[in-house]
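Everything on this sheet refers to the single structure shown next.
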């Protein structure tokens, strides 16, 4: 079968090892010179994990078209196999975030076992009330949790509660709620009554949530609604999370904000008020572009991780947001993009650990803006590639995951097993 | 069949006639007081036309979902029937802009006849190289007219030339070229070589263009490409149009610009340099939202028409851009949205005719900013509803097209004839 | 002196009266046909008021230059005279919002008397900690209420408390707090600690606030800080207002938001949660442009007033946000711009009263998006000029305030009394 | 006096030398492993230069306030002294771009000599018609080169021609023309006639331009005009440059674009069509924030330099845009900010030289998006600090310019000589 073995990885690593050693040693000396402990940093990097979304291993698309690649996963078991490859090579993604009803199966114990066989567990469960499914009684065309029709809202609530049930069966501890509800015309819906219906519906879901679960509320400025979105910004998300109670928190997707907004400050605000629940990592230039993490604004990602590090220092170990990648891979092999993204996220996070927090605080206190900025940026300017490679290596992963993946022939192998998918001519323009 | 008769319209108008007369007379007196000729304005309003897109009568969607309505058109003949209703009631949309291969038929003479029976002609032909079609030899996943592979470019060129051939058969005089080509990653494509390939490919199409045709180049900032788009802005579009020659002009879609950009100034620039070829009307708040015209920024639409009126005064009758609606109707009956949009476009245009150009120029010359602004805005503040209703009335249309349409039962009738379409669960996220 | 008398206004109105009567009667008939009560609407329009800012009657500028006009006010007494003219002609602006230390005087009883003589009262008091004043002990270069130096914070708190004292002396009931605090570099300040300092400082001011006062917290995305602003958005403003207590509310300036953001929804959210305290009206295209109200996006202003009308219906008479104009007049006579803006604000508000709320709610409930939108837009499409002119007329104002003002020769008269101001060559680029 | 001597620099470098050697050697080995020539790269880095603006060494400000620092330069001679320090320490800024009339002196030969004494020459001359100067006959309140009044236009033209004359006297070879002309109200000016006046006025300046000079046209989306700007975007700038002739080219300021626009593609377009004349480097998050280069979006700066490298490869040595920093330093010591910015610009440029252009082109040709992106990003991920430090070292500069500057006591020394400047309370809001 297509699995990538430890031997194969070791074999691939061998040729890269000498160069890696030289680079890592040089970096370690440089870090030590700055008073940092390279070994501790490697251990810290090994401990980091970010979930991948089950749907992310399929090729994405736009309303204009979708161009599938070879070997598209046919079902959640294929998706798990692909996710397994990502984690085997990067050792960064031990959990998968599933989406229902897309990932529905008959037997969830079997699904959990299948994941385990690939070395995977399940992270936050995602509900879906932004599409109509075949056989669905009531349509979400005009909303789901905020629909004016009580029956439609109840159907959406029931779906979310079912997701919690499935989540319990597969070992998840969180429900992520993103809805497309909103309006395309000024006047189409009452901005206030729609929000009130959201509060009511999510309260019903909240009541069904186990005590050790989190409910992650995801906001988004626009799309699929283009005039107003019910949960459009962190302010709305916060109001809802506060209304619901301590198990409800806000989820920040890096692409769901208005242009020019300072996202790292939003992160700081939510963390400060105990409502930062999790992240959807990706990158974007225009809207919710769902591009690969750090491919557009690597410094922004770094600044987000700096705020996370600050929050950790301020709040302590109880501060533990859920990390997930959420991207649309339209022109790359999704496995490659997810590996690359996980690495870039690990890079930004590792860089953020290099900041001298005490010196930074002192420069801030003294209003020495340039020194403070240079201290903050020092982590970003450090090439930590060898450090995160060392972490992968020690955890059993590949020094060069993408080259190793390509050498493995995995994609060609699954393309032989999985039938080709026709290009989508959605006709949606 | 479902056609809406003149008798039915007259019947529907009857009850509204007295109120309309009173309103129109009051407006006419007010306009006359300002030195304007109400009769001339009504005639001018009657002469205005804007094309509707064949695909616009189907329900649109987003990458997340599409929620079809009852009576979705099955083919181009159904679309023509729907377009016929729009024009019958509004008398504003005598031409349809087709899209290929979506509107392909065996016999184009028959298609032209079918249009004629609905009182319609064909406007600009739209090519489609942003999707792969069943059986297509080479994919456009990585581009069409700018693909790195010459064979793919040639396939896209041939498709455009075929569109011109079809256009000749159905009486069109223009080809609109919009491509989705671009990149999702910095580095994915050479920004310069991609543009050079665009120039080469469009030159090949240009050579096949009849002498009395126009080639309309449509730019767009982003989507479906999210890092760079080959023809992203009016500057790139202008460079290409200038490179190609006099038959090539730029097409402005109101939703294809960066946030905050002054679109009416772009209109003024292109008109001044002889390259304003046409418009795609819609409205937008965030990106290419394709909302109904004037539903978000009616004043912006008015300012565009003011620049068009200015250009007409400066250039003379040779200035004749092609007007088309291009919207995505996700939550309304597309026929209703297109009627409403045509009326709002006619409104903005009629309002723009009310501006006292000489007084405005004098205030501008004197730098009396407030007076100039008030003169410009005076047209917008005038409620011209009775004027454009009078124009519809005289042309045989409905005083209240949407109420008349609803009273006709057209949608229910076609819903009986046309099979229901399943909701799209594209799975594209 | 330069005062504009009732006789002069009556004289000016005389020539416009017949046309006005005809227009108003036509509108009244049209409104009655829709089931509206024109008389009630006129009375409602007469009751509306919006404050003008004392600094608004001086010519504004940018960091590049300031180009003063003739007759710039020399002090707060000149400003009151100018504000008096605005209210005399429009009958819309009976209150002035002062700014300290700019409007500091020795004797506040005298100031209150001076205002009274011009028919004016005082609205919300504005503190100023975004500039250093001559003789000021500690600089606000690196912040005021959020400065890292406790002494600087205390100085800023003391200034705000002094503003409250002055406000009590002149009959004000609200303090508006806008600070420029933020940072120009990532890392320059701790995003979290700066916010915590804001909470502490405003709490100290809050404690000094009389029980019947409101404290209005004003947020702004950027400028004068260009990387981060402490109170950058409504979310931060809400968190602070909630933290402080019931007397603290949020103030919405229409130009202080990120591009594309749906401001009317923010209005709805704050109103729903009891924290909408007031408005700064202006218009903008790019940033905090401080352009004249409704000159860029009149429909947006209308939609804001629609939400205010909705909130009033939902909450009742206790819902009473403070309305103020806040603009920078760089190329017009400030008196003219403020009159024009007050009229446009009154127009948008009057239009918003025309919406059939019950029909709108029914269309929303039925998800008839187009009907709902048309119902909402019906007010905006109605030319209420005669209605708001009638309100001015009955209240003693001018039918055409700007023409009447120009005819009065007020500007020339004050230009003779007030020395010319040299153009600013700030050298700030 | 305050000059920083070679001995002092050598002394400061000494303590840093061993660490630098180790870091540089490690980097050199790594680069060599990639097939790059470290020595050639150092030489290339030594050859790079970017001009500093004379006004940049003074503290900037906003329309709200300006907070000067100690030792503000009193005149152009003080500015040259400060600029000399920047170049002495960084060896990156051997030329100064002056601004007139701000830098007017009696004797330009003396000015040139003064510059020479500080090791400096003069780069592009900047004209100023966005402010009124004391004693100026006609105001630019309503425009300069595009003013409706011919006499005002002629005054602005004459000023530009005077700038060229001064430029000849001080050894400059380029004139940068940025105007604030535009409008604050729709209707205030004719968008088309304003542009025509621009073309006429710049043509008059162009005729006075020596044959070996360049005229750099600078566009800007908004500010100080907030509704429309005459030269608002690269399209308008290109049209004008093309209209004027080969000596006219476009200047790109990184902060003068609409939000989300792809600036590197604009760079590629202008270069491709022979009209890329120069740059104003800075960084920005919201508008024309004029923040320090690479402090917000270092990757964007890198991508710009990648396009410049691509253009150089395509066009050859004739491709030589003028590089200048243009920032507003509000919270830092301007000398420190300019040094830091010059270093960051040199960093981005050095990183861009590391890209394997052939491999990148091959990946692009093969549509291997991920590989292409990784190849492009490889330069950015490389920490070239030791490489650009080595270049500084060999050229006589400081290993750590900012630490060395602080150690020198320069600021304190000039603060003793130059009188303190009062904080600006412009009253412009």
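Per-chain numbering from 1; labels A, B, C and D assigned in written order.
The rule is short, and it goes like this: a residue touches a chain if its C-beta (ideal position, glycine included) is under 8 Å from a C-beta of that chain, and two chains touch if they have at least 3 such contacts.
These figures come from a predicted structure and were not determined experimentally.
Of all chains, the one whose mean C-alpha position sits at the greatest distance from that of subunit D is B.
When the C-beta contacts at A-B and at B-C are tallied, the pair with the greater total is A-B.
Distance between chain centres (mean CA atoms), subunit B to subunit D: 42 Å.
One simple way to say how far apart two chains are is to compare their mean CA positions; for subunit B and subunit C this gives 39 Å.
Shared interface positions of subunit A, defined as residues touching 2 or more other chains, are 141-142, 183-186, 188, 221-222, 227, 259-260, 262, 285-286, 292, 295-296, 299, 331-332, 367, 369-370, 373-374, 377.
Note for the complex: subunit A touches subunit B at residues 55, 58, 60-67, 102, 130-134, 136, 139-142, 180, 183-186, 188, 221-224, 226-227, 259, 284-287, 289-292, 295-296, 328, 330-332, 422-429. Every residue of subunit A that touches subunit C in the complex is listed here, in rising order: 141-142, 148, 183-193, 195-196, 221-222, 227-229, 232-236, 238-239, 257-262, 264-266, 268-269, 271-273, 299, 303, 306-307, 310-311, 314, 360-361, 363-367, 369-370, 372-377.
Chain contact summary for the complex, subunit D toward subunit A: residues 19, 22-23, 26, 29-30, 33, 259-260, 262, 285-286, 292, 295-299, 331-333, 336-337, 340, 367, 369-370, 373-374, 377, 380-383, 385, 402.
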